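Chain nomenclature is as follows: A, B, C and D, assigned in order of appearance, with residue numbering initiated at 1 for each chain independently.
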Amino acid sequence: MNGEQTRSATDDPAFAEGPWTVFSATRRASEVIAAPLSAEDAGAQSMPDASPVKWHLAHTSWFFEVFVLTPACPGYRVFDERFSQLFNSYYQTLGVPFERHARGLLTRPSLDQVLAYRRHVNEALEDALQNDRLSAALEKIVELGVHHEQQHQELMLTDIKHLFFQNPLKPAYRETDLCEITPQSTYWRDFAGGIHGMGHAHPGFCFDNETPAHSVLLRDFSLASRPVSNHEYRQFVDDGGYRDARLWLADGWSCIRQRGWDRPLYWSEDLATEFTLHGQQAIDPNRPVVHLSFFEADAYARWAGARLPTEFEWERAAQLSRDGAPQLAFSSRTELHPADLRPETFSAYDEVWTWTASPYLAYPGFAASADAVGEYNGKFMCNQWVLRGGSLATPAGHLRPSYRNFFPADARWQFSGLRLARS
Amino acid sequence: MNGEQTRSATDDPAFAEGPWTVFSATRRASEVIAAPLSAEDAGAQSMPDASPVKWHLAHTSWFFEVFVLTPACPGYRVFDERFSQLFNSYYQTLGVPFERHARGLLTRPSLDQVLAYRRHVNEALEDALQNDRLSAALEKIVELGVHHEQQHQELMLTDIKHLFFQNPLKPAYRETDLCEITPQSTYWRDFAGGIHGMGHAHPGFCFDNETPAHSVLLRDFSLASRPVSNHEYRQFVDDGGYRDARLWLADGWSCIRQRGWDRPLYWSEDLATEFTLHGQQAIDPNRPVVHLSFFEADAYARWAGARLPTEFEWERAAQLSRDGAPQLAFSSRTELHPADLRPETFSAYDEVWTWTASPYLAYPGFAASADAVGEYNGKFMCNQWVLRGGSLATPAGHLRPSYRNFFPADARWQFSGLRLARS
Amino acid sequence: MNGEQTRSATDDPAFAEGPWTVFSATRRASEVIAAPLSAEDAGAQSMPDASPVKWHLAHTSWFFEVFVLTPACPGYRVFDERFSQLFNSYYQTLGVPFERHARGLLTRPSLDQVLAYRRHVNEALEDALQNDRLSAALEKIVELGVHHEQQHQELMLTDIKHLFFQNPLKPAYRETDLCEITPQSTYWRDFAGGIHGMGHAHPGFCFDNETPAHSVLLRDFSLASRPVSNHEYRQFVDDGGYRDARLWLADGWSCIRQRGWDRPLYWSEDLATEFTLHGQQAIDPNRPVVHLSFFEADAYARWAGARLPTEFEWERAAQLSRDGAPQLAFSSRTELHPADLRPETFSAYDEVWTWTASPYLAYPGFAASADAVGEYNGKFMCNQWVLRGGSLATPAGHLRPSYRNFFPADARWQFSGLRLARS
Amino acid sequence: MNGEQTRSATDDPAFAEGPWTVFSATRRASEVIAAPLSAEDAGAQSMPDASPVKWHLAHTSWFFEVFVLTPACPGYRVFDERFSQLFNSYYQTLGVPFERHARGLLTRPSLDQVLAYRRHVNEALEDALQNDRLSAALEKIVELGVHHEQQHQELMLTDIKHLFFQNPLKPAYRETDLCEITPQSTYWRDFAGGIHGMGHAHPGFCFDNETPAHSVLLRDFSLASRPVSNHEYRQFVDDGGYRDARLWLADGWSCIRQRGWDRPLYWSEDLATEFTLHGQQAIDPNRPVVHLSFFEADAYARWAGARLPTEFEWERAAQLSRDGAPQLAFSSRTELHPADLRPETFSAYDEVWTWTASPYLAYPGFAASADAVGEYNGKFMCNQWVLRGGSLATPAGHLRPSYRNFFPADARWQFSGLRLARS
């Protein structure tokens, strides 16, 4: 998703408990994620697609400063004029952003200064929100900023994991061992086709790419009751899955050959351990396989005689999942590694994102708004694929059946896995 | 389409006039295309995506040798064992193909030897077809080979155009001037939504990616009555279209900046002339704009306040086009440059391919066949976009409403243009 | 020089004041250089050719641990076994070094841990040196390590300058302004040719690439009395020097065109200011031009109707410089930017390194030693050019007439300038 | 040498037999080399460093047209104005040359037209030379053009060899088998040091890079009596030479690892056969090893406990070779593959070029001339290494002790080998 989706659409009941409450809890959550990191950890950037944690902390503040405080709060003093370039992500109407791939070279401002920037922004927002100084429209922008920051929280975790993986010391973000998971059975759940409503149609917040709500014609389909496990994926590897061109999309085959991929991103060469936010750990056969590219998920599904679900099949299954989206209380978790949720009743939600067979496209009638916040709503709708369902690292309350995440087919540093479908 | 679609599905009435008649006419047509070229012209390769004409002539023969003659004609003598590697395009089950980007280095076999190879294959096929030595299944493969060769005929023309364009002498493939086109008006034709059948459902040949026939839910839409013209596209250029990031997909913006694109592929820097198969010619404002990438077509549509049609919208319009696909008698044309067809009644067909808003994906229930011919039917279904409608260079009889062409978003050496749609 | 020269050859009188004194002063000097930097500053890496300051601090300690403490001090406890991989630069016999371009991703160990590593090594060396536990051969290795660390001190400054330059905030390493320099005249000093001794022939330390001492046949030549100034170089720029292919080596011309170079590395686009260790400062016309590539120095000399001196011409001039190498007390300087030394008598030494016309090659009879320290003495003797004379950032006592620095022709982040010669 | 050296200096006795005789014989020799090739063979380009044979044929004619006929023969009619761009190699003062890497795309003009271009130029030169219409200065340019064309003759052979090697059919340029060579002994020949004259000092033609003649101080040295053989090089390979980093220059080690080199360019993977101008042939253990890069020659010498000679050591040995440069009558040879010359007395000349330890630099006092012919005489004097001695493919009469060939350290498609030296 590039951490960059924008634009809210409708009323969010969660925000009803008071925008300041929600805002300040979200802001605090970001800092909790950053807390175990040194200034050095927070400043490094492992690849152009990832950002330093410090940058995430600053950029999410920049959002509120640029879209709320500067335009709407007359007395607001900009923290540092120069930050508008440094922490702009891609809004070309706001000037030329600092080059994405060089974010790790911004040793100044320091982490301390960025944390001061956050406090400065928080205080101004507290004043504005507690004293009702914002119009309804601006409160919408604040709500959007909160969801925007939640997206960056997940990216902070996947980016830091990727950074630590580069280090031969293989440091742990959190120093606890993972518990062992019990094997569990699987079954196919059948769904009836027909014309079904998709997209966001309820009150409450959503991103603009979930709209407009519209009807989709589905065929009958079945969805597996749980995500593909490490054990199952290992069988694919052992069966020569990475060496059989017939299983792969042409682009996927050339991708795995050029980069020498023969296993999931964080698996060790001997297929015995994997790198996690808890450091190097034994691969638990019963946990979901994670950190796959779309290409690998697609090849696995073909090998297994099944296919990936479309995003609408998944959405339909989520609509019918009795318990709704799990309220993953990330901050209260001990383990930061995907387990298998094992609900008593069928659920479409896993602790890994599910790659779908759907390219990321605009819904019929989609129109980006004209202002800067919505500058580029649709601009990523090319050569990316939709992921659905959320992961263990997705903030509580951030998920819903219509939520659409998206990444290019070769991305695998997110908590991405798969669930099988068939017709 | 990469010239590489495969697999027939149903009975083709055209083939009824006798497979030998159709086969030999198609073979002859390829040689007619190559006739104006020297051996040097036929041997060069301007980029990895293009192939030398000599290679096209050999590969299309290789197809019949490998999939028909060798397996089914006991006494058949292989022309040269070594050609099986040289002229294999991508069938990995048939051995490692020669590297695509180096096809221009195959100065041996000579063009004369390749033409001898064609005669050798033709004679064996004549014997087999005239004497009814082939099973119905093998006749199907022959029919597939005929359509496969027709695809390569269009590629021969676009590849030679691209090659000649690299030469500062700007040679003409055909030495005639283009006539001037009269301006014509345009209007929106409205189509009613609903559930409509799509894909190939009639007797007659189709490629497997046109199947299975299935129902699609469309919304009401309108389609322009003709393709965007050079004149209209020039307004987009003059309006700074190539300098306004907001008009472009993110990938498109980075594409045009990295490659310095600021006009269609073959337009001269002064926007006055364009390179054609007739050499350098004045840009006729009333002809369709051609040789656009998907990115440019998409940006133009956004600038024009419209959008690209989906492939199903186009297919629906084609189903309702009274006169059906034009039987473009390529060989009898004088001009090898797109004009505007100006039919009396509405038609979805143009002389330029229409980029659609649809990524190239499998239809629901699509299954590739298990044999070598169908080895990789679906393997290009990633990061490519569907084009519909055919071009002036598409062989007669090759088009139908369900026909799907596809290329990556940055490809522009095909005869690709656009027609606008709106909701 | 890549900070990586090795191997001493002869007795160093400076070391006579006691190895511990010299050792501890050198170690302290490195830490003084690092002192103004935050842990974030010290951890980032701006390009593969540069290293983080933290890495320099660790690597110079690793040198003593691996080549002195571990082999020679029985009770020595290795600080952290894993550092042997992390902080190895290129000694392949000691295992596979961590990838050079990714040194900036080593957020662990922290700067504090690296400083603890330094203390640990220092204490062990103190014990060994103060108590005379090292053989003469090992004392030689210590001496080599001291000179090795001095080389890294200069690199620390040039690397941090390059890092800060990437930051739009343009931070200053030291917050003082530069004083203005008085213009000064120049003259040609003539030198007589003949057979002259070159290379290190005295007692005292040298690197192995300065040996064997040998005779060289020189022709009469003249050397300018001072380095080329900013004012003079600006004339070259204004005269279209960067646009005239005839002034450039073929490789140089393609280098400046591919990278868009049209001025020295740190000059601003308007040619008014330059980035320095004191932040952005006005270009002083009378200071030496600095941060040139060999290509630029060579083109300038051609434009000026002169040429670069050979390394032996420079060495001859240095032998005849009455006052010898200046004892540049780096630590006591206020300004960290090259001035013009203006000695009363002729001197070959400047505050910028002088690019010479000499490729970096082995002297006749040069032989690398067989042990690990000398593993790769000659391995950089290909496609690099010799620089002579030292810069303002070269540690006191590090210079001598035979000293050879070397970098590829396109390197310009060192304090590199030029002095003209003619025959 | 890039086929591009220019500028004669002194009188050539060979030219005394009449410039027309020499000119026409040289021109004919180029066409003899091209004769076995089809137009397709002559048009293809296997890599940017190589050129199509057709281009060589045209460029060498262009030289005479641009530097002799157009400026000096008033009635001369330019064959085709457009060729001045197409066949310019790098003379920037004559306009922007066509891009080097795309020469293989120039299918027009055809080979026939290029041969007609040659005849046109020849006829004009015949008229000028036979009727004494040229000044002495222009006759010098003709002489230069003759030597220039001879250089391209060798390149035609090495470029066509490289092209044919890319073709899985492995075509032979000449269809004969190679004879077997008898093993021969080797010995070291000693040479006394001292001050020796180097460079071109006699009457007769030379290129400007052989001047000025000057004195060089040599030390005593020894040179092996013959080049390194396939048998000897095979021992290096078998001994793990390509896997031992200590034997290689740093740039060489990274070169062989990045490109996967583990044997000479044309050796087969099983080390049993090599590609030659006679097609694939068994490796004869007693022939000289050929098609090495400088890196490989240097590593071999180190492995063998010896070193490469400097260019002046080789030149001294050539000065003392009693029989002078062999008059290799290329056109009368049957074999186009290096043998061992086995002269009765010591000779410095081999049938493979000898990589030397000398970077390609200007001689002291070297000055390029100011006119277009000499536009860029010195511009390749950077990051290239000198080869000496000539090869089997060097035209008769083209060699002399002062002749300097040069290529980058990674070039190996020339007939490059080595002879060992030691101090």
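Rule of thumb we're sticking to: contacts are C-beta pairs under 8 Å (C-beta built on N, C-alpha and C of every residue); 3 or more make two chains touch, one makes a residue touch a chain.
Chain-to-protein mapping (UniProt): A, B, C, D = Ergothioneine biosynthesis protein EgtB.
What you see is a predicted model; the values in this text were computed from it and never measured.
K.L.:
Among all the other chains, which ones are in touch with both chain C and chain D?
P.N.:
none
K.L.:
What's the farthest chain from chain B if centres are computed as the mean of the Cα atoms?
P.N.:
Looking at centroid distances, C is the chain farthest away.
K.L.:
Can you give the whole-Å distance between the Cα centres of chain A and chain D?
P.N.:
Chain centres of chain A and chain D, defined by C-alpha means, are spaced 60 Å apart.
K.L.:
Roughly how many whole angstrom separate the Cα centroids of chain B and chain D?
P.N.:
For chain B versus chain D, the centre distance works out to 46 Å.
K.L.:
Could you state the distance in Å from the CA-based centre of chain A to that of chain B?
P.N.:
39
K.L.:
Name the shape of the chain contact graph, picking from line, ring, star, complete and other.
P.N.:
ring
K.L.:
What are all the touching pairs of chains?
P.N.:
According to the stated criterion, the contacting chain pairs are A-B, A-C, B-D, C-D.
K.L.:
Can you tell me which positions in chain B touch chain D when the two form their complex?
P.N.:
Touching chain D: residues 38-41, 43-44, 46, 82, 85-86, 98, 102, 104-111, 163, 166-169, 171 of chain B.
K.L.:
Flag every residue of chain A that touches chain B in the complex, lowest number first.
P.N.:
So the residues of chain A in touch with chain B come to 90, 92-93, 195, 214-217, 219, 245-246, 248-253, 357, 359, 361, 364-365, 375-376, 378-383, 409, 423.
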